[in-house]
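Structures follow.
Two complexes come next, and they have one chain in common, subunit A, joined by subunit B in the first and subunit C in the second.
Let's turn to the complex of A and B:
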């Protein structure tokens, strides 16, 4: 049936857990585009038929017209599905910048298509430029802070890093008392966890 | 109605509808029983809703009431709304139903949807507030998409209320990462 593949593509967005990203389905995406081309060919062939019979395409309501109509509707439907697939993925990709910062972990990068990688780069460059101009980091303090310092445990070997007030050796399983703004990006990336007193 | 990019709206419009062609159509391969690439007048074809709807508005097809809104379902909903497995009938029972109302002749369909949702609403919320968070209860498998959203909203509001009272972690790893990172260690 027409449009079945396109709807499978859209269904991929809903499968799995919320906010998770699946690998870009190049194969299915191209198959849908191929279906669109065949609709286009079908549509033009029917129009040519009508013209050869000397009928006015605008007003005639014969079998050819309804065939062309079905092709046209399938085209717009496929377009909607493709657009929704790209749009909803783009939304998730934009949110990555806010949640994970500039660098994406490898397992996520492999799920993006080339144009999506470009999009992410462009989006984070634009946001960075804006934040530089305003001299304000908008991505920190997404949760309203209660205390400027928090106790954290390191979950992965991060190594020697320079924090805003001092340098620290963030070895695995070590515990630290850090500035909230320093710890926030590591926690969001899953490299640290907050300890509760 | 959903927006252009609304995923649920798109999938709901994929639900099959039986349609009878009032006009013939050439050059399309949608009728599996036809020998040539065309649809004859009067043939009955199963179409996805998005196609049936547009054709119906142009009087090219007439649409039958889909089987998920049949007499048996209606009787079951009248008997005990909370126990009916609407998901197996259509995961988009309400959305699909709302879209069908303008194009089918059946005047009782709207009322059926309304009364089914109203009587199930309270039950879904009560169960969401009292059920434990760990095990996904059996009731979830009977709910439509819309009701599952409602159920999850209720559960998250209970969780947020508990968190507010007891306190807890304020930072969480980004949800896109999933739980994989832990197992890699």
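Let's turn to the complex of A and C:
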């Protein structure tokens, strides 16, 4: 049936948790693209028929015309589905920049298509350029601050780092009382957790 | 970076001045701008002067806190100032973030609508230009260039579409909650679509809350007569 593959593609977006990315479905994606081309071929064949019969495409409403119309509508629907698939994935990819910073972990990179990898780089660059011009890092401070300092436990060996007010040795399983803005980046990367009393 | 307005604008120095500076209306104004921006479906005008002033004040506050730390003032006092600083910083960042999200979402709509594009800050315009190239290229390479000729437009479904029918636009008739800042008469609540306005004649008293489609209070919001909540 026309359009079924495209709808399967869009359904890929809904499965799984929100904000999670599935591997880019190359196979299905290309099948939909192929379907588009065959619609186009079908469409042109029907138009040629009409021309050979000497009919005016603008005004004639015969079986060939409606056949061509079905092809056209299926094609635009497929296009919308393809775009929705890319666009919604792009949204998730953007959120990764906010959560993880410039560099993506390998298991995520393998889920992206080549164009999506480029897209991530391009988006990162555009956002970084904006933050540079504003002289402000927007990726910290994502939740309204309650207390400027928070209690954290380090989950992985981070080592000696320079914080805004001092340097600290963030050894694994050590606990610290840090400025929220300092801690946030590590929490996002899963290297640290906030201890809630 | 001096602040341009506000009655409490005095040469800085001691703790009192700082306190006065913090309590100037600028932070309140920022809070208002932030709330409005968060609740409005479309992007609002960038508060250029306000943001400049707030950025200047933040820098001043940071310096003061640093001074306090160096001169060994009571840590509790320092942490109170720090808290205040953090709150304002959050507001500023969140304000800029909300705007970026809207720009990303309605990018192509904003780019082709001069009125909206003019509302962006210089930096936001740069971002829009850069980012639209990135997403345009991405969509073209993965989808559009693989489609038949007549179907390659980013903005239209096909060459037979009469208008740009692939561009997401903000929903202007989305309902918002707003509070009137001053009296608003029925004539000011007119909608461009007259029939809608006449079946619902109403007026607003200061402080009253209303649940109303955004497009009907759009002008009032721009004139500062209502605030979104």
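Here is the rule we use: the second predicted complex is superposed on the first by the 196 of 197 C-alpha atoms of A that agree within 3 Å, B and C clash if a C-alpha of one lies under 4 Å from a C-alpha of the other, contacts with A are read in each partner's own complex, and residues count from 1 in each chain.
To be clear about the criterion, a contact is a pair of C-beta atoms (placed from the backbone, for glycine too) under 8 Å apart; a residue touches a chain by one contact, two chains touch by 3 or more.
For clarity, every value in this text was computed on a predicted model and none was experimentally measured.
Asks: Sticking to the clash and touch definitions up top, decide whether subunit B and subunit C on subunit A clash or fit.
Replies: fit
Asks: Touching A:96, do we find subunit B (first), subunit C (second), both, or neither?
Replies: So A:96 only meets subunit B here.
Asks: Determine, under the contact definition given at the top, whether A:35 touches first (subunit B), second (subunit C), both, or neither.
Replies: neither
Asks: Could you tell me if A:189 is touching subunit B, subunit C, both of them or neither one (first, second, both, neither)?
Replies: A:189 contacts subunit B only, not subunit C.
Asks: One more residue to check, A:126. First (subunit B), second (subunit C), both or neither?
Replies: second
Asks: Examine A:80 and indicate which partner it touches, taking first as subunit B and second as subunit C; both and neither are also allowed.
Replies: both
Asks: When the shared chain A is used to line up the two structures, what angle, as a multiple of 10 degrees, is there at the CA centre of subunit A toward subunit B and subunit C?
Replies: 90
Asks: After superposing on the shared chain, does subunit C or subunit B touch more subunit A residues?
Replies: The partner that reaches more residues of subunit A in the superposed model: B.
Asks: So if I take every C-alpha atom in subunit B and every one in subunit C after superposing, what is the smallest distance between them in Å?
Replies: The answer is 6 Å, the least C-alpha separation in the overlay.
Asks: For subunit A, which residues belong to both interfaces, subunit B and subunit C?
Replies: 80, 83, 87
Asks: Any idea which subunit C residues touch subunit A in the complex?
Replies: Touching subunit A from subunit C are residues 55, 69, 79, 82-83, 86-87, 89-90, 92-94, 96-97, 100, 104, 123-124, 126-127, 130-131, 133-135, 137-139, 141-143, 146-148, 151, 157-158, 160, 166.
Asks: Sort out for me which residues of subunit A touch subunit C in the complex.
Replies: 33, 36-37, 40, 72, 75-76, 79-80, 82-83, 86-87, 90, 94, 113, 115-116, 118-119, 122-123, 125-127, 129-130, 133-134, 136, 138, 140-141, 144-145, 147-149, 165, 180-181
Asks: Sort out for me which residues of subunit B touch subunit A in the complex.
Replies: Listed in rising order, the residues of subunit B that touch subunit A are 4-8, 10-11, 14, 23-28, 30, 38, 46-48, 50-51, 54-55, 58, 60, 167-178, 180-182, 185.
Asks: Please name which positions on subunit A make contact with subunit B in the complex.
Replies: Per the touch definition, subunit A meets subunit B at residues 1-4, 7, 10-11, 13-14, 17-21, 42, 45-46, 49, 61, 63-64, 66-71, 73-74, 77, 80-81, 83-84, 87-88, 92, 95-96, 99-100, 105, 107-108, 143, 146, 155-156, 183-184, 187-190, 193-194, 196.
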